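Below: one structure, written as structure tokens.
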Amino acid sequence: MTDAMDKRAAGNPPAPGMDVELYLGMYEQMAKIRAFENKVNELYTSAKMPGLSHLYIGEEAVAVGVCSALTREDYITSTHRGHGHCLAKGAQVDRMFAELLGKKAGYCAGKGGSMHIADPQSGNLGANAIVGGSAAIATGAALAAKKLGNGRVVVCFFGEGALGQGLLYEAMNMAQLWKLPILYVCENNQYNEYTHFRETAAGELADRPKAFGIHTETVDGQDVRLVYETAQRLVERARRGEGPAFLLCETYRYHGHHVGDIDRSYYRSKEEERYWQEQRDPLKTLADWLSGAFQVHRSAFEQIENSVRAEVEAGAEFAIQAPFPDLSEVTEHVYAESPDA
Amino acid sequence: MTDAMDKRAAGNPPAPGMDVELYLGMYEQMAKIRAFENKVNELYTSAKMPGLSHLYIGEEAVAVGVCSALTREDYITSTHRGHGHCLAKGAQVDRMFAELLGKKAGYCAGKGGSMHIADPQSGNLGANAIVGGSAAIATGAALAAKKLGNGRVVVCFFGEGALGQGLLYEAMNMAQLWKLPILYVCENNQYNEYTHFRETAAGELADRPKAFGIHTETVDGQDVRLVYETAQRLVERARRGEGPAFLLCETYRYHGHHVGDIDRSYYRSKEEERYWQEQRDPLKTLADWLSGAFQVHRSAFEQIENSVRAEVEAGAEFAIQAPFPDLSEVTEHVYAESPDA
Amino acid sequence: MSMQNRPMREITFGEAIREALAEELRRDPRVFIIGEDVAEAGTPFKVLSGLVQEFGPERIMDSPISEAAITGMGVGAAMTGMRPVVDIMFGDFVTLVMDQMVNQAAKMHYMSGGSWKVPMVLRTTMGATRRSAAQHSQSLHALLSHIPGLKVAIPSTPYDAKGLLKTAIRDENPVVFFEDKMMYRNKGLVPEGEYTIPFGVADVKRPGSDITIVATSSMVAVALGAADKLAEIGLSAEVIDPRTTLPLDKEALIQSAKKTSRAIVVDEGYEQYGVTAEIASVIADGAFYYLDAPVKRMGAMNVPIPFSPVLEDLTVPTEQAVFDMAKTLCGRV
Amino acid sequence: MSMQNRPMREITFGEAIREALAEELRRDPRVFIIGEDVAEAGTPFKVLSGLVQEFGPERIMDSPISEAAITGMGVGAAMTGMRPVVDIMFGDFVTLVMDQMVNQAAKMHYMSGGSWKVPMVLRTTMGATRRSAAQHSQSLHALLSHIPGLKVAIPSTPYDAKGLLKTAIRDENPVVFFEDKMMYRNKGLVPEGEYTIPFGVADVKRPGSDITIVATSSMVAVALGAADKLAEIGLSAEVIDPRTTLPLDKEALIQSAKKTSRAIVVDEGYEQYGVTAEIASVIADGAFYYLDAPVKRMGAMNVPIPFSPVLEDLTVPTEQAVFDMAKTLCGRV
């Protein structure tokens, strides 16, 4: 944390003007993710959503800060806690909801659900329900980008729990060996499900990528400006062919591991939750800064919030009304069509 | 290397007397391994041995130095290049040969062969033909030792190629997390099969275990005294409950990746081979030291060499004469007998 | 094993699992559990709730998210004096432990010529219709059943679950134990106190004479439901559950088919190259001269399991589908 | 695909593989190979020798010993515009890549509702009797054939190997390609120039009328040898090779069995829950009313593969054993 805070203090304040717009845009995106996730929770508790979802609330600054440093052509891979990544990379709220409700209009035609949102249009290679499961996929996309020389960068999002998966180390080794344009973004939200990461990870997390010689930085994941500035530097570095980097973001999920995880007292305290929610909220932090540095009025934030809420409500309504896939679709898309041999 | 050499220079010379015996014993073991492997090569080239073998010649100081720091009750896991580990941990030459020839008298009743020698009597949990495949098995044995409080230490031998396997990182994390009594011994013989390790490993090898906070040391693996002294320190540390350690040994295999790998010019030079064989030979290095420090006469080494050669010849002869397993044994030992339910 | 006089209680499948584990943990100090969120959380399915309170964190060990390594550590610990029970949360994750199970655990005893043994249990789950999508819904027991050196149990009732799990823990070999996560709350009669169930012994869940329905795990209830319906139209179905796919009680399955002269095999794994293939071909061979109709297979549809409830429900054999198939096989239109 | 007029050459199975790869590497700049020791070393089997000289190390990439990651990187590269051919040295190591193949590659297209495709090939080996023991001798194609979303090819001749591999590389889906390492030096006629072989089309390797022998990979030669012997005693065996286990040409196998009314299925994977089970049950069902004898299965023995040559040779079906089985099925004593 201190590390990250030092960096924040040292960071040059962005030039005004352009940055107000930029950061108001990030505020909007974070607000949209939060509104989206609140609606997901509501759909779940009112039994309108099948299955479970892992809410991203509290971690918005990571997805938004990182994805703001990417072009639409750049790629991401996401996780079981992936709604924020997908939205920040450019997914639409309505088709997201449709997917969560298993509707034909969803990003995966209803076949993927919450944990598998994927979208070629916005460069989303897909969320993954296997912890760490996309580490190599993302690295392979970076290999392809390098081979094709198309200048694209790949971001691989994962929780700190994925540091338990050997695959990640195998992939990072090759990324560094071959200087692939990839940014590994570790969202350390402190918990692997119901277990604190200190109980599952020996040593310091940031030392893991360093073992492969990968350039590594740690930031306060609750400060979208810091996340953005750092990610941008690392993404541009990768784009210039200087190889992979690892961005460790300290963050927190406000809700349970999934929507059904209500009683959390056996693994974390209310005080801890309150601390992060009250002292470290990414929306509040950004709003405070915008208000202070640029005299942005509170009403501007309210307006944004109202607008994203309306978008979310409309999106959810669309999804609720949307039809389920036709039953015949169950056997479609097992295989892609191939040329005749 | 310099690192390792510094250490050697700094090491206190052992008290005379006891150590002459100790080191003459190590010389004998190294000589035995070398004689054994030369015989294996001969058996292969004369078509008396089925399949292939991966010779340990050149790396003798690692197995002997490390295993000399262990009790018979301590455990090891070994690799495809495992003859040296097995012999150093106390396996008999005759039953080793019998196994290599697929005979009933072999350590695995002929069912395992060169890559699967295992022996409960000498604490050998088994060689493994999956690169890195025993990383977790060894760590699990260390977990059991800790749970049972039996004071045993486990040594997990592997080549530097195993650093490509994610399993090793998963296992090292838990070893450190739970302070398990295990020593990871990485034999960096410079090559993964036919590829130099610098082409397959990013960063510095020794940083890999350090990423988990594991105590790590690098030694000249051609100097059995250094290997032994370091291993002993690390083994005793583990035995005291101070947790795992990682010992990186710089070494070299004189022969091919396996007995059939004769033309090596496309991946390494004759000069390099000659350098290691002539300047860094572990037997010669030890003999020189013993001659210098204790005036051990050359004839003593010759005597040892003659005696191990005789043992090897007799063991090979025993194996050649030994019967194959009965055909009915093919279906035996698929399952261990279990109590009636 | 005379259970008859024992007081019986109704407990859930999940409770039966927990009882088996608790009893074995008490009985044998070598037994321990390792897995993700097994201790305080008691697993996401809450099946292990309370165990850490009784046995402490040394015996109910929370691990990192490292399926391959905890499995391999199970192998090593089993070889050196412990009886590990490794918990793999979702059966879909057995893909991560295949090397440790297939190339290590399964072969250790044989490769060492009988020198080393691997008495460990890998507990995991199976079963679809939980709206968990393609990576959290599979029933991958066929993958493990293919491998000599492993044993595979796949219980269908609380009674069987408890007895088979105790047997698994006492077995000297690596056993993979598949629990259908949709059955954890199903209730069934379980006697008080100690009992075990031998591996490789099929159980007739309902005797019958017109057709044999071989069913595993959750499909046993489906088969029993179908049998009820068949009874209504005057057809007597025998429902038989192999309980372990490896070893497989071929004789019992063949005998049943010989008696009824017709057979259907129902299993929740993918149909292609799955458990239904083995069992159907064993019966088709062994009862060849007695069969009046081809042996029919009903497995999960050969598609990745879709999220959308309307699609997911199509992928698993249903009572109605089994009923229809049985009726057709018995020549009713 | 009229091959008749093409000049034919005798080349080895290994050369056929190399030709297919070289041609596809030339034809399509998106194709690249990644694996351990594939470049200068040309793999331990020397099958890729010379490719790096023509195509350079960017397209023939030596990797660390990281089977899981190179497979997953294949998935990611395939999704984003490349056509990776991932080399897994020994088929036994597919255990290490199961998650990437089963949970990722196989499901990507379906889970994404058809948005993403994974046109990659995983080449690997199979086959025993090389004295390589339990972890380097298995034929694990059944594990992959179980998984919807994958395709699995298992060629038996140089001709098929070349044509199927070219089809695999051009396929838009993940294909697992199993090469019997004992066949690399076997020779066969291969036409000059371009051809492909469609997936899911079985090939009659020898027509016959008394009994059908379905055989895969190395077992085709075994079956043909048995057929020669059977001819000597006046029995005409039809040998048919499915060539791909997934998709499986069920119709051709059933038709052959209907014609001959007897069938044996021979495959080098473990017999239990293996490829023989699927094929036998497909035939027993589809040809039920035509069969004069039960469909018999001959797979590898259900034991970890032993090192000792005298034992190892027992584990694989032989010409003599197939001959004996066929003779018995045909009622000859």
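Per-chain residue numbering starts at 1, and chain names A, B, C and D are given in the order in which the chains are listed.
As a working rule, a residue touches a chain if its C-beta (ideal position, glycine included) is under 8 Å from a C-beta of that chain, and two chains touch if they have at least 3 such contacts.
It should be emphasised that the depicted structure is a prediction, and the values quoted were computed from it without experimental measurement.
Placing every chain at the mean of its C-alpha atoms, the farthest one from chain D is found to be A. Mean C-alpha position of chain A lies 41 Å from that of chain D. Centres computed as Cα averages put chain A at a distance of 37 Å from chain C.
With centres set at the average Cα position, the gap from chain A to chain B is 46 Å.
For chain C, residues that reach two or more other chains under the stated contact definition are 63-64, 66, 68-69, 92-93, 96, 99, 103, 110-111, 133-135, 148-149, 301-304, 306. Touching of two or more other chains is recorded for residues 108, 110-112, 116, 128, 130, 133, 163-167, 170, 173-174, 177, 199-201, 334 of chain B. Taken as a graph of touching chains, this assembly is complete, with every chain in contact with every other. Listed in rising order, the residues of chain D touching chain C in the complex are 92-96, 98-99, 101-103, 106-107, 110-111, 133-135, 140, 142-143, 145-149, 245-246, 248, 269-270, 272-278, 280-281, 284-286, 288, 291, 293-297, 301-304, 306.
Against chain B, the residues of chain C that register as touching in their complex are 32, 58, 63-64, 66, 68-82, 84, 99-100, 103-104, 108-117, 119, 148-149, 151, 163, 166-167, 170-173, 196-199. Against chain B, the residues of chain D that register as touching in their complex are 36-37, 40-41, 44, 62-66, 68-69, 92-93, 96, 130-136, 301-304, 306-311, 314-315.
Contacts from chain B toward chain A in the complex involve residues 163-170, 172-174, 176-177, 199-204, 207-208, 210-214. Within the complex formed with chain D, the residues of chain A that make contact are 75, 77, 106-112, 116, 118-120, 125-126, 128, 130, 133-145, 147-148, 152, 154, 166-167, 170-171, 173-174, 177, 332-341.
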